[in-house]
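The same chain A turns up in both complexes below, where it pairs with chain B and then with chain C.
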Partner chain A sequence: MSRFSFPLTILFWVALAAAPLVLDGWNLGLLAQLMIYGIFAMSLAFIWGQGGLLCFGQSLFFGIGAYAMALTTKGMIPGVPAMTLTGLLLAMILPALAAGLLGLALFKGRGLVGAYFGIVTLSAAVIAERLATNWSYIGGFNGLLDIPPMRLGWGSWQIELYDPLPFFLVVLVAAIAAYLLLLKLERSAFGTVLRGTRDNETRAAFLGFETAEYKAAAFAVSGGVAGLAGALFAAQFAFVSPALLGFALATEVLIWVAIGGKEVLLAAFIGALAVKSVEKVLSDSLGQYWLLVLGLLFITAVVLLPRGLLAPFLRLTLPRALRRPEQATKHPTPEGRQGQNAP
Partner chain B sequence: MVAIFRYDNMEMTLLIGLDAASYILTLLLVCIGLVIIFGMMNVINLAHGEFFLLGAYTVVLLQQYALPFAVILVVAFVFVALVGLLIEEVVIRRIYHRFLDTILATWGISLALKQLVIILFGPGSQQAVAPFVEPVAMFGITYSSYRLFVMAMAIAITAATFFILFRTRLGLTARGVIANRQMASCLGVNTRRVDRVTFAFGSGLAGLAGAIMAPLMSVDPQMGVGFLVPAFLSVLVGGTASPLGALWGAGIIGGSNSVVAAVWTPVIAQIVVFSLAILIIRLMPNGLTGRRRR
Partner chain C sequence: MTMDTAPFLNVRDVVMDFGGIRALDGISLEISRSEVKCIIGPNGCGKSTLFKVISGDLNPTSGQVSFAGETITGLSPQKICHRGIARKFQVPSVFDDLTVTENIEIAMTAASKHYTPFGLLRGGPDRSGYGAVLAESRLSEFGDKLASELPHGIRQQLEIALLVVTDAQLLLLDEPTAGMTEEETDAIVNLIKGVRDRLGVAVLVIEHDMSFVRKLGSKVVVMMKGAVLREGDYAAISEDAEIRRAYLGDVEPC
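Take a look at the complex of A and B:
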């Protein structure tokens, strides 16, 4: 919780907003792409860092968002107007619904915890990838091509976001909106209950909180944000494929978040930007050794720096009302007490 | 249901039955190491698929020197067990108390090992040669003799593992550590040593499984991934309280997969079976063999 966290956070967003002043169109497009991955990383960091839910299938929601955007703007969903706005809305609502329902199904009653949740979400992503590969209406193995670019505005006053600069600005606004939304939730009473559930679910339930519903709600928000990232991805690349739903992307996002730091949203965001941009620079010179280096770096981060490389510098202080009272640290830890009472 | 009657003759049923048994036993071969590591050490080893891979590549490498197949199998077991020992000592040991982090760390190990294999052997697929290839004729059908050998090996290895676990002093110690680690430690069991041996043994079993399966598959860096998800679902469906769970899990996942694949398509089979497995895991988090918590 460094003194410089808050100025650094502001400085980072200002620098990002000032990027169009120094970067040319090509690099601006690249930066927009990195920021899309950053939004995706924040969605995982929220559910993993705050909720303690290790989701191995976050790509599921990214992929649903991307497909929703693609199908809507191509006019392939009957009854839904082929507009960017409806596409974006569906791309957030559908994954949020999917995540919320999956969350309720998995957490209600004697819910799944920890590793079981990880394996089940991983399997869910694999199932979704198989389904998409074999569903010819949504393109099957080849996916969908020629997704139209975003259009903003109404009627005759419409602009098409072909150029990198307006698209970059849209992604910037989306990134800041996602960041502020997740940060607001994290710094609210809701976030406090979520962290309480993460640290000791039995105790949170005992205090009267419906922990399953809190976790499902957080999962839904996380799914919606991941869907937004997927929609932006589809609009930028004009292409979606079943790989967006599956295994490989889910692994990548886990690595970005673990290296950046799961408990701080901005650390996860920068983690994605950093790993992806280092990959672009180094994958030429290191070739096949890059993935080996990344794997080893990931192991090192998990074993030695479980809070991530960047999180310690970017952690913001909580609002005064939500801070832990000073004397609370003097009490014995919950683990210690449980240990004494155990038979 | 209609489709089943198309195979209403004896031979076809037998063939499907044999294929199902073959898949179940293969899955069991992969699961047994996994469930030992999971049940005993509470470590979800996502690098299990890559240990399988290392075993298969050992076969590819050693067959160039014309070693007897039995020797190759032993070398594969020992080599992968040593790799497991090294990984336990360097990485896993530090994170036993952080349950979720073991998944992440083993995932990282799996990425690194797979990439190492790609660097050393290239991304393309290699071929391992089966030591015997003549098909066997029985009950009016012909069946691959090597597949029968794999099934026999799976049964033998499972039986040997159970013998070690339930009939030897080492197994008794290990089960003591599963049941109550602290108590075992208090009674003078060196739990660190048990951990090391268990992890190495489980890894070695994965390597052995890979070596045995290598001649039946195309040996490529992705071959471990295909088994990973069904193997984990089998372990969770069966329950991790006892290694017996692996028998149930592999039987249900492997059996239903083979039957659905024969009736519809392999893709539908995978989707149906994975969904079914998720449902079972949700309804019975302790698995089919797990004791109900009160």
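Take a look at the complex of A and C:
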């Protein structure tokens, strides 16, 4: 909780927004790609860091979002207009619903906790990958090709986001919107109850909270944001495949978030950017040994710095109302301290 | 039968079996509005089990619990909380990773009846009131401390404050002064008397510390083998020879 966290946070977003001034089209495209992974990482950080739910199958929602975007914009969903906007909406709503319902099913009753939740979500992702591989309408093993680029606007006033710069700007807006949404939730009473449930679910239940519903709601939000990232991915690469739903991506995002820091959204975001860009450099020079380096980094983060490598520098202080709220004038403090003997 | 004369909490012939072991053996107990009662009894006599039954943690084998005129047996712990019964656990249970004020926010959210997340979309509790709540709970100086950093006594006090803040009408306190210094114990006595007098809250306390029971000056219920052995004032109870033998002289070693 360094006092530089807030300026660093602002500085980071400003620097990202200024990237088009210094980067050429190719690199801007690469940066947009990294930011999409960053949005994905934030979705996991929210449910893992705030909700205490280690989702081992976050790729499920990323993949559903990517497929929803691809199928919609290719006009393959009967009755849904083949537009970018409908694609984006479905890409958020479907994974949010999937996560919310899966969450309710898993958390209701005695509820799945800890590793069991991780294993079930992992299985769900693996099953989805299998299903997509065998479902020929959505492309089967080969996936879907030729996904049209995003189009913004109406009627004759449409621009196609084919160039890196406008696409980058769209991803930037999406990243900031996702960040602000998750941050606002985290700092609201909803976030406090969610952290309370993470911390001591029994106490929360015995204060009257339907904790399963809080967790499912957080899971739905997380799924929706992951779906948004998937949709942007599909639009950028013009290609989706069953791998987007599966195990490999689910593990990767887990590593980014663990290295960055699960409790701080921006740390997770930068964790994704950092690991992915280091990967580009090191996988060229080290080949497959790069994975060894990544593994070591992961172990370091988990064992030595369980809160992440970046989180300590980027953790924002709580809203003032949750630290030192305004004192009520009718109760002067000396009277309020009677009968206490703090050592 | 009007609201005022009917017992606020009414436990009727409750039996709780665990396999072959009968933890509660047809216990009956009443508490009125704004009344404070202490339950004492040797380890294993069923005090905590009784609290678990009242708060919905356990479903009794037979018998009935009613609160404010309505049956609550078989309801979920959440539903029972919503009716206005709040339980403090034997081992202090607060939100350790959160600040004291965040703890208060959770209780305030419960008080605003946002038990599910959807209501919260339209606005949570009013954060400008937290300062006053902290002051009333005598926790002002700890506002930005993590609950895990608090001294033991203050942590217990925080847990009780959480229950009070939710607007509970009946508090079930399981050993609220365990491991406390005498000064901390006095603070809890004042806290309990305060919520009874100011807010009209009824309090049922499980306690081992006889000096605490004396200071509280409440009715005492003596439990023995899952049933009520005797009920009366502290003075009468403390002089009762049978109780001295059963409880004070013959304490089972856990």
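In this section, the second predicted complex is superposed on the first by the 323 of 343 C-alpha atoms of A that agree within 3 Å, B and C clash if a C-alpha of one lies under 4 Å from a C-alpha of the other, contacts with A are read in each partner's own complex, and residues count from 1 in each chain.
Please note the rule applied: a residue touches a chain if its C-beta (ideal position, glycine included) is under 8 Å from a C-beta of that chain, and two chains touch if they have at least 3 such contacts.
Keep in mind the model is a prediction, meaning the values are calculated, not measured.
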Touched partner set for A:247, first chain B, second chain C, both or neither: first
Touched partner set for A:192, first chain B, second chain C, both or neither: second
First, second, both or neither for A:279, with chain B first and chain C second: neither
Partner chain in contact with A:208 - chain B first, chain C second, else both or neither: second
Touching partner for A:114 - first (chain B), second (chain C), both, neither: first
Residues of chain C touching chain A in the complex: 55, 77-78, 81-82, 86-87, 89, 93-99, 101-103, 105-110, 114-118, 120, 124-125, 127-128, 130-132, 134-136, 138, 140-144, 151, 153-154, 162-163, 166, 181, 183-184, 186-187, 190
Chain B-facing residues of chain A, complex: 54, 105-106, 110, 112, 114-116, 118-120, 122-124, 126-127, 130-131, 133-134, 247, 251, 254-255, 258, 288-289, 291-292, 294-296, 298-299, 302-303, 306
Contact set on chain A toward chain C in their complex: 188-190, 192-193, 195-196, 198-200, 202-210, 213-214, 217-218, 318-319, 321-328, 330-331, 333, 336-343
Residue numbers on chain B that touch chain A, as the complex places them: 44, 91, 94-95, 98-101, 103-105, 107-109, 111-112, 115-116, 118-119, 225, 229, 232-233, 236, 267, 270-271, 274-275, 277-278, 281-282, 285, 293
